[in-house]
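Note that the chains are named A, B, C and D in the order they appear, and that numbering of residues resets to 1 at the start of each chain.
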């Protein structure tokens, strides 16, 4: 089967690599000619490409399958552009990180032209090439079924995890690592919630490790506390000099909190035990925010996921004005002067 | 009636002032002789004092009423010291910010000596002298009743607030601003929860004002967003240059969020509209922490009070290690480099 | 000056009462003829009305001032209807609880017709008639200035609170209880954040009182704990039978947490000390949700305000599915059977 | 090497099974004779036991290694009892879920007798027998080293996870699944934080799945909203009928949130897709609470971990009084009657 891929950055190129390795062919479209040449040299007959969108479209067999894998901000424009060149029956896939609202709008825009729209939430990051990508898919059932051979090649496959007890016989596609979640937008909706969970789980580890990091507080602060914090009632309970990197390693085997995120954390802490290469300003892409928006719209309590998001905002200094208000109030009612930073 | 006061700092001196102004007499004990002299010059016959604890005790009529108003860390030692000089039937009061656990222990230590222990949680801050102090009291009913004339003079009195609808006839002491809450420790327990609520309410205002502070974000960031934050989908919704000090002022009259804390905030923002005199490192004394401890012990969900406490911790940089862990994870799975601070 | 009021429900009628009492006149429009008759009987010459929108408009002096005070869901349609009958220079005011996004859209729709749009966030609830309403206003400066006499009559006035220290001379309108906050939508934006703060402050009190409510847990659970909760390490610390209604009363005078919300809470607890008339399903209108949406859009951390919102969702059973997931996980890894409810 | 095990419940018996399978021998002590007989029949020569504590001690080679694996509430008493029968140089291990404060106290009580104390936080639940147990260990270095052969047999071993990139050569014990974390109490301290993280991560999944569960809200509530909730502005965005069990399955392969907890969740949802066998009252053992206590003591912000804990409290109805306070406030200021439950 043939896949057209617009965007040969890391993700796009790796998806192409996986499907070509699995016997399919790919046609690429990418401004930077060098990317096309290099991938062609690497993949041989299975791959060809063009820097020109119209030529790219002409190189595709019909019905055309065009996967767009470019930064979210540029996706809508490119989809509209390529749609001008496509014919009824062709399929456009957005594999990036669009908000699912946009998927709904795009599907409606393309429908009158007879062009089918499929959104694929793609998880896996830099490890996806070898590990495979977890694919969450929205669109019409018939088109998703048509794409099955490609999706199967991109996804990790059954062997990537032990089979869930009770699941026997022919595996569902979910067991192979891809799932048709519903109509247009459903893929990015599920991916959005996935990322919301990711934020929460990441924060759970980070907060816990911070407690371990500070477990020697009683030894370090023997009786000397600044006026800005309450004195420690039982310093004898906080005299542990914990090796945090080793703790993340030991939890990887046999514990309840074993996870892929923990694997990565253990690797990061092994490489940089004091995390000296990080300043602690934590970015957030849109998904964590949109997850909270969706929860609020539908009345779902998400205190953990939202706390995780807000901690990222705070890490970037966004609580500063609020903190100043607190200091101003304390000064007003208690005459407390704020203490200088250390 | 006569009150013995150990500690003539701001709070102790102001309490003495209120009771002497109401026709009682006071005896003070304070290391710094100058404080005693000055208060004597101000209050005349109603006040005498000594820098010597034993002499102070001798100056008191029996049964002696000894109010200790010194920093929480020094209170237990002074109570034990003065208890050596007291007689059965005397009363020791801790009006400071002790944890209520200590009240329970002190009452037990003093009981065999026949000395009565009363704890008084005292709220009012720098305004208490003129506004009166809200008193939350723990101890034996008989002794609290005995102290009634003094407590009544220290408290704000009925006129300090409009009477609650449905309350008629002889006012309860709660309506006068003081309340016997239960046995030893009950006063500081209620004061502790009071402060826990204070943290939560303060944070509610601070967070809300932060949103107003940032309401012009769309105008200020016309299309330029750093890669570390999600772009704003609707910049047209955030084009308000709100005068935050004036907003706090307008809310003081007729709104649902009118409060004494808001009065103070409006005053602070009028004096320093951009809060330039504050760095935003927010201290916490013990009460906010102990409130959460009590909630956890008794299984009470307190997401708001705890969030307020943790925001103070974060304002002092205590989330830094956790934030670095998050950055390390993001780099590991997504290859995201952390962005430099601005 | 003359005010046209569409909607003579409680809020609309009370605003009419306030302005007529202050020497202005009012024209009302309301489907229910009886409301018009009764208000006419009460207010005499100062008030007239009609059940017919066109007639209502004809009764107004130009430039017409039309205040719409009806449920948020119906407001946009009525504004569009009345706009058909108005002339350039007339002013339409939405005093209800619209989302500020709608204000922006309405102002744009009315602008080509030369009709001015003003949004007024109105706080005060059932007490507004006597206490006055706190008014947060969005719109063009000239029109807001034109409306000044009416706004001044609706607002509480300077005497409603002690003057903020440092504010002298001619009071600002904020000190009178009304404030022009910015262009269209600014009034509802500030009102929205006001309500967000309200949610947070309410939750702070509610959580704190819940701790007091459970302060006798140690006495009540002497040694008997169900397997579903951790046993209490120090039951001796939780033996207080706190009179919660009296505590809310004592805090009204002299304490840091004195507020109008506390006044109301004390009144409610005096009337129903065990809160037996409430089931604890807490509603939320839109403002609390929109506040969090705005915070997320602009990257402002609001852990307290969001926790307050989510607690309301949970009070209505919306956490149930998540809780079942937790029970299922616990059973899976620990073999823990869920315990039956009590 | 020989291990003495007091308590042959599921955990104790499974640990014995693992070490005997690895060539060690075990002596058991257990009130229920049948447990001893059955384990003897199963394990043959490698195992013997007694219902009598003194006889059990006599059966042990010196220096004796006594692992106590009984409910946390009974552990201290049994340790004191067995200590009476031990000799200098013997080692007592608590492998249960004690609070680490108790470990510190026990180590101090045993020290004068020359008996060594080791605490082992043991994670793995019902799967530990085959998967191995993750062991977090506190105590003196010499004794932990002495126990190494036993610990190695109980732990999962290197093969249980892929090796962390950068770790080469002779594996550390952490890579085998056990870690000496520090002096007495350090094992249970790290296990406590492990469980705190577990609560947070579990809640992250639960909240996210709840959003998916409600993703069809727009279709289900076409225009009909109760007055207790804000109407949905965009029902067209919530028309997804998501198959939650399949989503948890697809995330197991290739996604960022793949984890053991997710494996269990997928299994639980496969077995009971609508979670009908759960009521949603979620228990908490002590560790989650103690984690928050430790964070508060040391000033570490833990908004996610605490939110997870409080959600469990709320699931058991513990927010009810607070919710009633909120309803009472709403009624007081807004005249809002509370709506009946559905």
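As a convention for this text, a contact is a pair of C-beta atoms (placed from the backbone, for glycine too) under 8 Å apart; a residue touches a chain by one contact, two chains touch by 3 or more.
Composition by chain, UniProt nomenclature: A, B, C, D = Decarboxylating 6-phosphogluconate dehydrogenase.
Keep in mind it's a predicted model, so treat the numbers as computed, not measured.
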{"item": "Chain separated most widely from chain C, comparing mean CA positions", "value": "D"}
{"item": "A-B compared against A-D, more contacting pairs", "value": "A-D"}
{"item": "Separation of chain A from chain C, taking each centre as the mean of its C-alpha atoms, in whole Å", "value": "38"}
{"item": "Centre distance in Å when chain A and chain B are each reduced to the mean of their C-alpha atoms", "value": "44"}
{"item": "Euclidean distance of C-alpha centroids - chain A vs chain D, Å", "value": "28"}
{"item": "Contacts with two or more other chains, residues of chain C listed in rising order", "value": "125, 203, 205, 207, 210, 214, 229, 233, 256, 260-261, 267, 289, 297, 299-303, 307, 310-311, 314, 316, 318-319, 322, 333"}
{"item": "Contact footprint of chain C on chain A as seen in their complex", "value": "256, 289, 292-293, 296-297, 299-303, 306-307, 309-311, 313-314, 316, 318-319, 322, 333"}
{"item": "List of chain D residues in touch with chain A within their complex", "value": "100-101, 104, 123-125, 128, 131-136, 155-158, 160-162, 164-167, 172-179, 181-183, 185-186, 189-190, 193-201, 203-205, 207-208, 210-212, 214-215, 217, 229, 232-234, 236-243, 246-247, 249-263, 266-267, 270-271, 291, 294-295, 297-305, 307-308, 310-311"}
{"item": "Residue ranges of chain C touching chain D (in the complex, touch as defined)", "value": "10, 73, 99, 125-127, 202-203, 205-207, 209-210, 213-214, 227-231, 233, 260-261, 264-265, 267-269, 272, 275, 278-286, 289, 303, 307, 311-312, 314-336, 338-341"}
